[in-house]
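The next block holds one structure in the form of structure tokens; read it before the comments.
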Amino acid sequence: MTRVLARYGWSLGLLAILAILLVATRLIQPNFGASGLDSLARAALPFAFATVGMGIVVIAGGIDLSIASIMAVAGVVAALLMHQMGDANAGWVVLIVLTRVPDIVVTLAMLFVWEGVALLILNAPGGAAAPWLRELVVGAVTIPGLPPELTSWLPRALVVLIAFVVIFWLPLRRSKLGLSIYAIGSDQHAAFRSGVPIGLTRVAAYGFAGLFAALGGLSITLSTGIGEPIAGPYLMASVAAVVLGGVALTGGKGGLLGPIIAVFILRTLRLDLTLLSVDPNVTTIIEGTIMVAVVMAGGLLAMRGRR
Amino acid sequence: MAATVETISPLSRVGRIVRENPVIPLVLLLFALIALLNVLQPGIFNERWVGNTIRFAMPLAMLAACQTLTMLTGGIDLSAGVAATVSAFVVATLTPLVGGPMAIMLALGAAVLIGLVNGFGVGICRVHPLIMTLGTGLIATGCLQVYQRYVINTGSEIPWFFEFLGTGRTLGMPNGLYLFVPFAILIIWGLRRTGFGRLLYAIGANENATRLSGVRSWQVLMALYTLSGLIAGITGLLYVGIIRAPSLSLANSLMLPSVAAAVIGGTSIFGGRGTYSGTIVGALILTVLGTLLTLLQIPEGARRLLFGAIILAVTALYVRITDQS
Amino acid sequence: MTEAAAGRVVLDARGVAKRFGAVAALKDASLTVKAGEIVALMGANGAGKSTFVKILTGALRPDSGHIHIDGQESRFTSPAQARRAGIMPVYQEPSLIPDLDVGDNLRLVDAPIEPFRHWVDALGITNLRLDDTISQLPLATLRILDLALTLAKEPKVLMLDEMTAALPTDLVERVLTVIRGQADAGRTVIYISHRFAEIARVCDRASVLRDGVTVGDFVIEPGIEEKIVELMLGGVPTRAEVTGAHIRAVSSAETPRLRVSQLAAGSRLADVSFELRKGEVLGVVALEGQGQDELFDVLAGFRRAQGGTIEVDGKAASFGHPADAIAKGLTLVPGDRKDALLMLRSVRENIALPLLARPSKWGAIPMREEAARVTGAVERLQIDMRAQAEVRRLSGGNQQKVTIGRWVAAGVETLLLFDPTRGIDVRTKHQIYPLLRELAAQGASILFYTSELGEIPLACDRAIVIFGGRIVDVIDAEAATEQNLMRAAYGLTEKERAASSSAEARP
Amino acid sequence: QDYTIGVSNTVQGNGWREEMICAIKAQALKSGEVASLNIAHRNTDAAGQLEDIRNLIQAGVDAIVVNPANPEGINAAIKEATDAGIVVVAVDQAVTEPSAYVVSNNQEEYGYLGAKWLFEQIGGEGSVVYMRGAAGASADNDRDKGFKRALAEYPGVKVAQEVFTGWQQDQGKQQILDYLATGVAFDGVWTSGIDNVIVDAFVESGAPLVPIVGADNAGFVGQLGSVEGLVGAAVTNPGSIGAAGVTVALNILKGEKPAEQTVLVTPALWDNVSEEGKASIAAAQNPNLDPEWPVSVSIADYTTYSTDEIIACKGPGE
């Protein structure tokens, strides 16, 4: 029991914070309901994908500074292909093409490269998204045979997110490749000596990050209906969520559940601040303070635990 | 067979010299870039252009000093750009109200305060520097926005001293060098020949080992981030002297390049390794690269792509030459 | 019996050379081992043993030379390949992944669980759980896990690089028994250790490296030790005779340098009281996990005591940070050199580190004075400075010397040495004992834990024996034979028996 | 009547946008009909703006004034808002969602007007430096269309250098200094609002001044009046357009719908060559204003606050 608590304590704590925030939202705005959850989930989708991608790289002991630019590239490519060919499947080609292979410091350079690529593809916002794909992330889940009241609280965007994470991450986590990703992040030297192929594993980690970043870019295109060549604020947001979620930036520690909850916390926080009509500049201050405070509190807790 | 092992080939000797002085390949690269520029735009290598390049490389190199120093301990200072902006904006808006000297004090005070908060968070509360400085950056941006609202109608003025440093020239070279050269010497000397400098490397290499040797790392980190804030503040003052237009995002655009300059200059983001001279050359390379790409008549997308690709090539080559693994 | 079992040549390496920049780590190393053999690889610190092992196991690529496995020429480019061919090492540094639990580590290398459990039991580790995180286990356990994990994969050739250096005597026994069993089952073992006693017990042959060259190959037999040492060191054996003469009569009336009473910390250190006098070297003897780690940590300011008092020079002291302990003159050389060294920095920076710790020393460094102190320490400890630019490039033994040299340069009052001779070659060890005596003669007090019981009479005035978190015996140097110490360490002294029967109720 | 108005803006830390926010606040206060403003003001992309608008819908505002991140990307949320009976007014740039009202500066016209003046000024012959805004931004794209239209009308004019300043003062200054130092030949400079640093660069490096087109930022307008030998023009691009958005929104809420779904505010051009232009420049001088702020702080028929009120930057309930 204490072991479970030790291992998942951080995520559980975050979950509690999220629950409190949601209750607070309900108190501030009694009308907050299914549509609110839906928009929350849709807003969180690109952040969550970016965070998952970043999380995997960070667990592997790296960091991917190019994540937001990759999202932009994926977004514009998807939007353009769907626009020109009217073929939604093209969106998926992107995922494969973009599953790319950079290295740690390299991602800083790749940030500029991908930025350039996005601009070369589309020099102003444009393109279009296939309507049926857009439907995929809008509204609540409908399961035939179940009364809609039961499922109306479950946003599709959330289901999409969970589906992808479950399909890719859960099997990965327990597989040898997943363990190798943890291993190279934890101690590269030891991993090498244990026979882990360092290079290949790193490639795989960045590959997965690319995949999720591309999904994130695609989800932006699906929600906006167009492709934007300028990268959004996803780089820093994803790093922040990863750290808030309990993944150590030194690698090897943590999982993806915490970071995803952290994304929802940050989104809910923004929602609450808007609902309270807080002065926008103060919003920035509050967001910064809370981010720091949570990590600080976590550090202090960990320190007391050690005593 | 044994004989071949005993003799050292001239090539490997060159390799070793280069490895022990990692700045050399960087300087060579800088000259290669300038040569390329001179081919593309004959006659560009004139005094005025060199002066301009140095003028814009200086603030970048100073902000990159914040990154170099913090990266040596395995940290980073993402609030440096904001701190510089705060200091620049505050000095320009307060000078008409309270006069130059007082405004400078207040501006630097604000930047130092940001550094102090960073130091508190990183050193004492053990928050990861990336999150801490990102957070203080956000907070400071918010505060600056709030502050801005009270000074919309006060006009702005930049103390003459910084205009002198930022826009004046002596013998064709920018006056900013009066500030930068002593600064650079101080940092380079400080890193090599002072206890504080050594401790930065030591903490980055193995914090536990420094603890064992009696170092209270919070003291070092506190001092380091405060110093970083101060450097950022001074950078902001110099920069606003160069640009002469305070804005709410003045130095923010220097942020990523400052990290890039340190990385290109051979500072390891994992700590324990790096030099400031490398960073200075890194800043010059980035500035020259910027000019090169500005003058090339190619689409913006291709420009950025090239910028990234060249940085990539440089770091890849550099890592190989200096055999860091 | 071994002669009969040994037949087929399993591994044959010839003329292996490896150079790191200016340092030729190996020039001409050779080794032939047969099935069922245990071969010791011997050599002074920096002779190239570890490099050789790394080359044989694919962690490094040789510059030249040939390696044949079962008659086939092999060129491994990664440890993974070597593992597949059945060549498995246990390196000096644990190769387990710190942030994963034991089970995940097994899965990572495809080690079967049941044999692993069997070996863990056989090697004497109880109460291990598969969901224990590696980073939370003590070093000695990790060494055993590393070995168990390798054994579970049924290696053809097992290579142990100073695997026993960090182990307490009882565990060493079990390891030796197990690897003897492996050899008897027809497997091959290459065994590296600086302890001749171990080699004499299990090895069939010894191959000696000196400065990267294989200089001899001997069948282990009584009396061969002197010859091997001579060959290893390439000259007259420099075994300094240090026993006996140094024992100082210390007056107990004097205020002790350090007085510890009823100290308790963590779950293992229950109640320890002793005095460390000025000019004394006090040995600490304990089996693995008897509370000695906690004792040293508390004295060095790394953790807080839960009970008891510490007095330094008659004044009560409590430490919240190692700096507090250092201010009182208590300095620690930890057991794990990875904890103590700045691997990326130079020898000089590593040694000079404590000189700069206090904020008052953050200013300009007096370079000359520093150089003098560092050189002094380097000379006293004979540190091999060829690869001095980065400590990680030093051989393990030389790294260990740097951790001690630091305090020699800073000046010592009270030195807490936790197994400082771990992985140090025989010559250097015999330089370190007189060094300790010399420091003591100059007024330093030294608390000296060692996992090698034979060192106690060589360096100490007295020794305390800790068992179950309590001091069970104090033995004078004259009486400190290995048998006596061993009996005491297992809690088998007369005193302890009497004490334990009278205090049966204690938890 | 007391309405709640939501505001969504996606660029922070830029003088123009700050003025827009202050104008919105001042107008809301001045109208006396707004109980509270709910402002989402941060640096983000279209997806982030979707989130903000949806949050405003959740907050139950009566109207939303939005400066769109781009013309199409936020249509979904606008549709949700208008479906929920919320009045949506896009300011500064248009959106393609038909249910929204648009009160916009005509960015294409902005580009065209300045470029045409510049080409005329250099005699329809020669080359110019074309200093754009941020690559990939839709306002920049619209201005580019106007610029290209003018360029097509003057076949004798060539673009010597085209560069993106990213709407960053420091970048713009470094770029123009590079051109000046490297001897790139040009006869005029068109800027997308990064203007006063360009004039500074000429003055500091002692290069002969060429005609320069900028925006009506306080700093540049000041230079047009004071810098010796500077020939230039400011194209208005009032940040107070935000206030016009508030006025339109309030009118709609009160049942007075505008005749057209889209109201375009055509920019004016003030040069320091013609008498008329000189007069406008002289009238617009305000040396105390933040140099990044546009001097045209009001729009006739739409704004009712005074200059002091917008500078005070106070909204209802503050």
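A few notes on this one:
So that you can tell them apart, the chains are marked A, B, C and D in the order they are listed, and the count of residues begins at 1 in each.
We adopt the following convention: a contact is a pair of C-beta atoms (placed from the backbone, for glycine too) under 8 Å apart; a residue touches a chain by one contact, two chains touch by 3 or more.
Given the structure is predicted, the values throughout are model-derived calculations rather than measurements.
Contacts with chain C and chain D are shared by A, B.
Among the remaining chains, D is positioned farthest from chain C, on the basis of C-alpha centroids. Distance between chain centres (mean CA atoms), chain A to chain D: 34 Å. Between chain B and chain C the centroid-to-centroid distance comes to 44 Å (mean Cα coordinates, whole Å).
Residues of chain D found to touch two or more other chains are 12, 135. Contacts with at least two other chains are made by residues 141, 145, 300-301 of chain B. Chain pairs that touch one another: A-B, A-C, A-D, B-C, B-D. Here chain A touches chain C in the complex through residues 3, 176, 179-180, 182-183, 185-187, 189-197, 252-253, 307, going by the rule given at the top. Contact residues on chain D toward chain B in their complex (touch as defined above): 12-15, 18, 22, 135, 161-164, 166, 168-171, 173-175, 177-184, 196-197, 200, 204-205, 219, 287-293, 311, 313. Within the complex formed with chain A, the residues of chain D that make contact are 4, 12, 21, 36-48, 50-52, 54-60, 69-76, 134-138, 140-141. Those residues of chain B that touch chain D in the shared complex are 41, 43-44, 46, 48-49, 51-52, 55-56, 141, 144-145, 148-149, 151-156, 167, 239, 242-254, 290-291, 294-295, 297, 300-301.
Every residue of chain B that touches chain A in the complex is listed here, in rising order: 78, 121, 125-128, 130-132, 134-139, 141-143, 145-146, 256, 259-260, 263, 269, 299-309, 311-312, 315-316, 319.
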